[in-house]
Each structure stands twice: as C-alpha cells, then as structure tokens.
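Chain nomenclature is as follows: A, B, C and D, assigned in order of appearance, with residue numbering initiated at 1 for each chain independently.
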Amino acid sequence: MRTIRFQHPEHQRVHLGLLDGNYAYSITEQVPAWTDPMPMWRALRALGVTVQEAEQRLAVGTPLDFAALEREGYLLPPVAAPEVWASGVTYERSRQARNAETQFKDSVYDRVYTASRPELFFKATGERVVAPGHAVALRSDSKWMVPEPELCVVLSAAGDVVGWTVGNDMSSRDIEGENPLYLPQAKVFAKSCSFGPLLLWNNGSQRPQDWQIELEISRGAGTAFQGAVSFSQFRRSIDELVDYLCRDNPIPDGTVLMTGTGIVPPDEFTLAHGDLIEISIDGIGVLRNPVEDLAVVASKRGVGV
Amino acid sequence: MRTIRFQHPEHQRVHLGLLDGNYAYSITEQVPAWTDPMPMWRALRALGVTVQEAEQRLAVGTPLDFAALEREGYLLPPVAAPEVWASGVTYERSRQARNAETQFKDSVYDRVYTASRPELFFKATGERVVAPGHAVALRSDSKWMVPEPELCVVLSAAGDVVGWTVGNDMSSRDIEGENPLYLPQAKVFAKSCSFGPLLLWNNGSQRPQDWQIELEISRGAGTAFQGAVSFSQFRRSIDELVDYLCRDNPIPDGTVLMTGTGIVPPDEFTLAHGDLIEISIDGIGVLRNPVEDLAVVASKRGVGV
Amino acid sequence: MRTIRFQHPEHQRVHLGLLDGNYAYSITEQVPAWTDPMPMWRALRALGVTVQEAEQRLAVGTPLDFAALEREGYLLPPVAAPEVWASGVTYERSRQARNAETQFKDSVYDRVYTASRPELFFKATGERVVAPGHAVALRSDSKWMVPEPELCVVLSAAGDVVGWTVGNDMSSRDIEGENPLYLPQAKVFAKSCSFGPLLLWNNGSQRPQDWQIELEISRGAGTAFQGAVSFSQFRRSIDELVDYLCRDNPIPDGTVLMTGTGIVPPDEFTLAHGDLIEISIDGIGVLRNPVEDLAVVASKRGVGV
Amino acid sequence: MRTIRFQHPEHQRVHLGLLDGNYAYSITEQVPAWTDPMPMWRALRALGVTVQEAEQRLAVGTPLDFAALEREGYLLPPVAAPEVWASGVTYERSRQARNAETQFKDSVYDRVYTASRPELFFKATGERVVAPGHAVALRSDSKWMVPEPELCVVLSAAGDVVGWTVGNDMSSRDIEGENPLYLPQAKVFAKSCSFGPLLLWNNGSQRPQDWQIELEISRGAGTAFQGAVSFSQFRRSIDELVDYLCRDNPIPDGTVLMTGTGIVPPDEFTLAHGDLIEISIDGIGVLRNPVEDLAVVASKRGVGV
C-alpha cells in the first residue's frame, strides 16, 4: 500500500490518499480524522487489520488524478513528521566524500565508519520540511552544495518501521568541511529537507536491501549529474540506526529517519539555482524538487509579509 | 520585569505570572490568551507600551506565593520555546575542557574558538525541555556527564532579544570526546535540557556583560562542585551568535538560545543520580534541577503507560 | 459494546475506555488519537470491522476499575458532543404535564403532540454539558424545577445512529409555563444538561422499543420521587426526530439528541439543593448527578477565578 | 475604531484588520496572535490602552483595499463568535408582525412584549454563521421567509459591550406561525445567520439610541422592499437583554447578541432565491448577503464532498 498526503483542490484541507496506479482515493473522506498515516497505522494495529486488507477497503470514492495533484503543487510530505533525523557515513562512498571535503587530517569520518555507534543528527523540524515538488534552497554562504538522495524510514514512537519514502538531505560541503562542529549549519537551513511524495507501508514482506536509489540533476536542457547506488552497499542495518536513535531519546510518532547517502557527485560539482533534482527508488516513487530560482524569489519580494 | 509560567494550582491550566518580590500575579487571569510571554511581547511592541508600564499595570489581582509554586512543582519553562539552540566554545574554559575530552589530536575546538563562525547546534524541541524543579537525566550509556550552566537568550522570530533566563545544557563528555560527530547524541537525549524559572524582560538598559553565573552541585549533605564565571569572559557577542543562528535559518517566536558554558568541573568529576544542580544569575534567578534518582524511577515502573 | 470517556487518573489526559463488566480498558493507550468514539466509529466503518470484532480486539491492556473511576469523579460525557439537541412532547405524560404548567389556554402542546413536525430545540453546547457524577444546577430564578430523564441518541453528521446513552434534561417548569417563548431560558442554563456515563454502540440488533427508563430522586435518607416509563409509550420514532433535526440543518459528528421525557413528577414536586438524581436504562447504565449544594458552592467562593 | 476580519489574500490565514476610510491595515501582521478582536480587547483593558490610542498605533503597514476584499469574498464575520443569541419582540412592529403570523389566538407575543423577562433564544453556533458577502439560504420547507435586520452587540464573557455590528437573523414566518414551539426550527437552519462586516468598538461615548437601521432587498433590477427604523423605538435596553442573557448562563468571550427587529416587510412579502439583502447602520457599515441561487447550488453538485 502506498499513500500520499495532499491539499485537497476543492476542500482546501489536508487529505490522506491511497494510491492505486495513477489514481488517488481520499481516505480522509471516509475517516475525517485520518489526515496523516500515523493515526491510521495505530488503528490498523489495534484492530488487527492488515495493510493488504486496508488497501482493499479504502480504494473507494471518486478517484483523483495523482499526476495532476503533483503538477499543480498540491502534494504534501507523506507523513506530518514532527522531527526528521538523519544518519551519515553509512556507505563507503560517503566516507570518501567527507574525507575529501574536510580540512582536518585526523579523520572523524574514518573513525565513525568503523565504530559501532553511528553518526546521527537532527535534520529538521516539521515546519522546515519542503513539500514534494516545491523548491529546496541553497545556503547563501556556501559555495559547494549537493543534494543527498536517501532512503527514509518512517517510525512510530516505539521505533517500529511504519514504511519508507524517498528523501533529499540538502547539504553544504564547504561549511561542513571547514569544521565538523559546523555540521548543524551545513545541514539545517531554510528549505534544506524534502521527502515523499509516496509512503510505502511496511507489510512485513518487502526487502529494502534489494532496492536501488537513483539521482538525476537536470540543468537547462541537459543532465548535470546522474548516479545510482544499491542498498546492498549500505554498511549498517536500519535496525541498528533506529536502535541508536531511540536510545535515551524519546521520538514522536511519525519521525522520519534519513539513512545516509551513497551517491555523491564529483568534487567539482555544486548545485545551481534553477536545477531540478529527481530522486527515485523503484517500488516507492520519485521525489522532485527544483532548486530555488533567485529571480523568482526576488520578484515575489515586496508583495507582503 | 520578570515573568514565570506555571500550572495554576486551582485552574489546572498554564498561566503566565508577573513576579514582584516573592509574589506572582497571574497575567492570564487578565488576558486569557497570554499563557506565554511571546504574544504579550508582540502586543506591547505594537501598542507602544514599555516593559516598565506593563509591569505596573499587570501587578493586580490576588498574588500567589512563588516559593510555594516552586516547592510544589508547579513551575514551567518561562517561555514555551518551540526550539532550543545552543552554542559552544564561547569561553576559553570551554575550549580547554573540550580539548581535554577529545580523542583527536587535530583540534576542532581550537579552530572554532578563533573562527568567525561559531559552533551552533540544535539542543532540544519544546517537548524535550524539563520544567524548572523537575529532574534532568543522565544518558545510560555515558560515564562522564556534566551540567553546563548557561545564560539563555529568548528570541523573537526576527532575532530580537526578548529577555534572558538561566539554562542547564546537560552534556556527555565521553560520547562527544569519542568523536565530534557524536555531538548530537552527547547533547540531545531524554531530560537533557532545562531553563528558567524566571524570564527577565529586555527593557533596553540591562548589561549582561556585568552579570555572573554560578553553579553549585550538591550531593548528599555536601557540595560536590562549585564554580562561577563572569560574562565579561564571554568570547563572542550575543548579537554575533544570533546573527549566525538566523542566517538562512528561520526560527520560531520564542526560540531559546543557550550561549555556551564557562564553568566546567574538573575532568575527574561526573554527575551522579540524586545530585542537585543549582545554577544562578544575579538579577535573573536560580534554576534548580535534581538529577533523576534511578530508585524513584524504578518504583514508578509497572504503574502504567 | 459499551464505551466510556474518562480523565485518566495517571496520565491526566482524556481516554476512551471499553467496558467489560466492571473493568475499563483504555482504547486510547492503543490508539492515541481515539479519545472520543466518533473517530473510532468512522474507522470501523471504513475498514469494515464490526462492533463485535472491535470489542474483542480492544479488550487488552491493564484494566481499570470502573466503579473507582466513577466514585473519584474521573468520568466524562461518553462522547465529546459539540451540540446537544432535544425534543419534547414525545410522550402522552409530557403533553399532560406541559398543559398543566402553562398559563395559556390555547395549547401549543396539544397541537405539537399530534402534528407531524416535532418540537426540537437547542439544549446545550459541549461546554455546557456536566460530566456524569458531577453536580447539575437549579436556575436561581425558578421555583419549580425537575430533571427530565431521556434516552439520548448519538448521531453522526449524516444522522446515523452511532449509539445510545442516558440523559438528564434539567428544566424549569415555571419559566416555561409563563410563556412558551421562554423555553430556551427554561432549558439552557448553567449545568442544565448531563448524559452518560456509558455509550451503548449500535450493532444493528438492539431494540430500544423494548427498553425502560427509570428515575429515582433521593433526598437525605429517603426517596423524594421514583418513576419509570417504557419506550413502547414513545409517540414518535427516533428516525422521524432525526429526520427533522437534520432537515436544512447540518449537525456535527457526535451530536447528542435527547428524545423527550415520559416521566414527570407530580406538580407539587420541585428539586432541592443536595438531591441525588439517578436515571437508568437497562442494558445501558446509570447516570448519577447530585443537585448542586449551595453551601458547598459558597465555601468555594473567594478561592480564585 | 472599526475592525474587520478577513482571509488574507496572500497569506491564506485569518487576519484582523483596522479600517481607516477605505483602507484596511493588518493588525495580525503586527501581533500574530490577534486574529480576532477579543484577545486584543482584553489586552487593551489590562494594559490601560484606550480604543483611540490603539487605533492610532495600529494604522501602520501596507494598507489593503477594503472594497476589493469585500468584492472578492475575503471578508469574515468581524468576531469569531462561538455563539450567537437573539432576542425578539423588542419593537412594537415585531409584536404586530408576530401576532399576524401566528395561528394561536391567545398571544404569547403580546405577553412577552410587556413582561419584564424578554424573549431570548439560541440563534447559531459559530460554524453556522455566514460570512458577510456570502449567500444566506431559505429553508426548503418554508414558504414565507424574511431577513430580520438587527443591531448586534458583541459581548465579553462578563457581559461587557465590546462593540456593535450589523446582523441578519433569517427567519421563517410560517413555521414559527404554526406553533411557537417551532421557533428553533424557524430560526436555526443552514446559512440562516450573518453579521458584519465591521465591528465598531465601544469607546464609551457612542449613543446607539441615535442610530437608525435600514433594509433594502433587491430583486433583479428593482427593489423588492425597503424599510428603516430608529433605535429610539427599541422597547428594551441593551443592558436589560444582556442581564437576562447572562443570568445563570455563562457565555463565552465574543458572543454576539442580535437585539431583535423593528423592520418587517408586509405579510405578502417573502424572499426569493437570487435576492440581494443589504442592511446598514450609519456609523457602522453595510452587511450584504445574496440569497442562495438554487441554479448555482445545483451546478456545484457532483463536484465532490
């Protein structure tokens, strides 16, 4: 079962939708309190209803066109995550990349790559998350920026894996490279986090290790970068990351954990305003975010608050 | 003007209170929507009412006994901060201490101490903040823990300094010492952040650089550690920290910024369950937090969710 | 299935509970968003889960003692009804009683008793509802007051009968008798409406026409009044009342409709402060409300807001 | 000082606005928590700021065009009234009209006109209020409908007169005429209540008794009815109505009391779909509501929920 969240074009309220091919059925029309997957997930568990049964039951009503919802900017993050956490150096490629950017000789990245405790950091509050299809931004004081395409895990407060989605952890390589203590500034800034648009529900039989994630960055008419990585190259297990995340740290229902990147553009690459970032995972979907275009931003100034 | 927030003993609702000596007047009884200083601060600004005028107007109604509110556990953080951020290595003492704990030779702390960009990190969401008087906790996987007594600045979304309070940034020295990338885990954990109980409102004439902060840790009948530092030893300016915090990073109204510590117990010191931590700043007040007593915690288990 | 709502003694939050004999299981511990029956009812419908299946699934966790919850004042209305509506003159006994109290010769009550359109009126907003076990009040300007024991229907926004509960529609006979235009003042006043504590869920097989409602009013050590009526004497059908209620009048989910009374104490009877009113319907439960004791009210004055 | 509430065209949030001629200044841009006059009114009182001082202070920022807000349907009721109450038979004209419509000989209207206790009834919950400029409706089962143009008083929970606005209490004359017990059905139905768009704040010096209210009903290119009445003909005092309303009946802050009508079209008049109702009070403003056009309503069916 794959669900989305969207601003309903007619009702101007947030709806939870069930995806069936290119059709989206409003779950919220049937259960008004379900505008987010978490209360629905809790209800299924308590009532002993499987993900498969729910999917069959809820594909009713007048379907909406998913492509139209995406095209017209109605999509929202698939879960109203109160918090987004992220992990790093979970692929060999990431270790190399971060060693390349750092100005320090004694590598904190080599050390964490082999240590039992992973790198975990606070990526975003819910308010900082950019909806799928909307523009992510570049830090004004960074000259070296990349998207980090990542598999995202949606967690319950107890650490259960509710499902998976596609994420973009926008990062400044030069600010972090200057000093590992600047990591929060390299990672947390306006419009630096996006995930979605689809949530693939955990039905107990999917195998993330068989999946592959792909990144394509378009610039003008061409392709500025393209890359892919298989999750078989993921150095840690998701259980291990969740275990450390929840250790002495109560997380809220619907927390999103970004699991780190294995795709890093070459060192001479940096994002430019107007680029289009597309990240896809087979069986989940495609997350598209343009990079904020400064001319558009400037034209909106002066209009109001 | 100094205000508090508290759970009203009779009405079982959050109230904002004005402190006058040992008396607390409920501001919320007069303006029910003011259960937090931020909407009141915005109203004063828009109406052109000074902090001094407001203080005179609002000291009405039946006063409550502040000491009783504190003793009976009714106090709350003085602002419902959606986010708490913190800075580090803002005093020479902190630089020494962090060099002492690190396992790396090439010091990220020396570098940040002299760099123009300060260390800033996400310390806590509002839900993670411990009310004044309530117990802070030790990370179960750390053997070297300290309180960090800090001057806290309460900020508007635009970075205005609304006022100041006293803060405790609980930290694990061994986890951070193992790798600077573990900073979020050394800093963000259950019950690791407390501030209050008083908010001293900025009236434009106070001089934080003249203040002094003191820390006393009691264990059993004795004193386990005692220390003090003057804000004249603060290496950065608050404006500078706020400037970097707000750079490309929209913060919500009522954000608390902890400004870093200048008091570090000797390296052989670590907090123990049952300790009492008292942090005071003259002219603001005293923040008291016991360290969670595991026997008490265990006795509460099994009672319910 | 019978459910209750209560203030959880430990968590100090509203919980929805499933009643099993004298035990109450917290449904909210399993599904935090279910603090009211309506979202749960909508979920069951959408997922095709029957009331009987839900009852079996949800009787898990540590049970609480229902009698203790009632005794200690933790019970709440079984549905957080945004609106309470009521009907009148739905029994022959009510027609007689209202003819007896009126000062007008030309009877509006005779007319409505036989008309196709029933009497319907707005009884209470959610804020005006008194929790089961808590005190109802007498109008200070009335000398002739009675409880009206009524079968209550809990409705969805579409008029579906979600379930039934027991209600007390406190009424002033002299104010209404003075002029039918004073009905709203005779019916809507502080603490004039209570219902609960149990909600019997509609499973499609119950037969309200077989039920009986009983009223007992205790005064001091004795019984001031006792009466009973069978729903077989109900002159209208519930469908008919719901149909008129919803005609050109959108009601919110969880609306309570009180269906009118068939038990009226003799004309010389009026309630007194300190009386205890008990209304019961077999198979649903007993609603108990003391009548506010003025001495107790006076002693609380001066304590605060 | 006159304020409005509106959906801000750019921010898509409710704003409170200060009216200055044809300009509206957003108060909410200065104090985000003020999206309704009541919290602002409480703040002014507590801080000792007069209505005149507030008006001068708050006329800042970029003004919006009031006529455009009205024309494009952005206006909202000037106070988010949780409850609307109404009074009746407060003018001689109303007594005559209601005697004309009743099927009973023994007049409840004559009686209430001279009695000390006024007629008061619950008119609408906040959700039932129609915004200024939006369509009011006719009951589908009534053949005799009129608007009732009324002076509305905005009240604090303590019964203070915060200000005044213009109201339309849509009524069915035949349903009420059939039986006074049907008053709630004649008065409370979908889209039966509107008030606004301006709130004139009480500054202690206005004299409502000098005002006049006017009603004009346009049909097609012509005028279907026109009438006016002076408040000098108001039979009761507003204090008296408020006193009875608040007797044993706690009302919420921002309650609106409609004070009864003195303008009644001739008995042969009934509203038609497509009519435009305009009600004005000099010094306050003009409330405009079209009567729902059934053709428009039908064309919207089938579009969705």
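Assume contacts are C-beta pairs under 8 Å (C-beta built on N, C-alpha and C of every residue); 3 or more make two chains touch, one makes a residue touch a chain.
The shown structure was predicted, so the numbers you read here are calculated from the model rather than taken from an experiment.
Listing every chain that touches chain A and chain D alike gives B, C.
A rotation of 180 degrees, rounded to a multiple of 5, brings the CA atoms of chain C into register with those of chain D. Over half of the residue numbers at the interface between copies chain A and chain C are found on both sides, making the touching surfaces mostly the same.
Inter-chain centre distance (chain C to chain D, centres taken as mean C-alpha positions): 32 Å.
Note: centroid distance chain B to chain D, computed from Cα atoms, is 49 Å. Within chain D, not a single residue touches two or more of the remaining chains.
On the side of chain C, the complex with chain D involves touching residues 82-83, 88-89, 104-106, 108-109, 111-112, 115, 117, 119-122, 125, 127, 137, 139-141, 175, 178-185, 188-190, 244, 247-250, 252. By the touch criterion stated above, chain D contacts chain B in their complex at residues 27, 30-34, 39-40, 42-49, 53-54, 57-58, 253.
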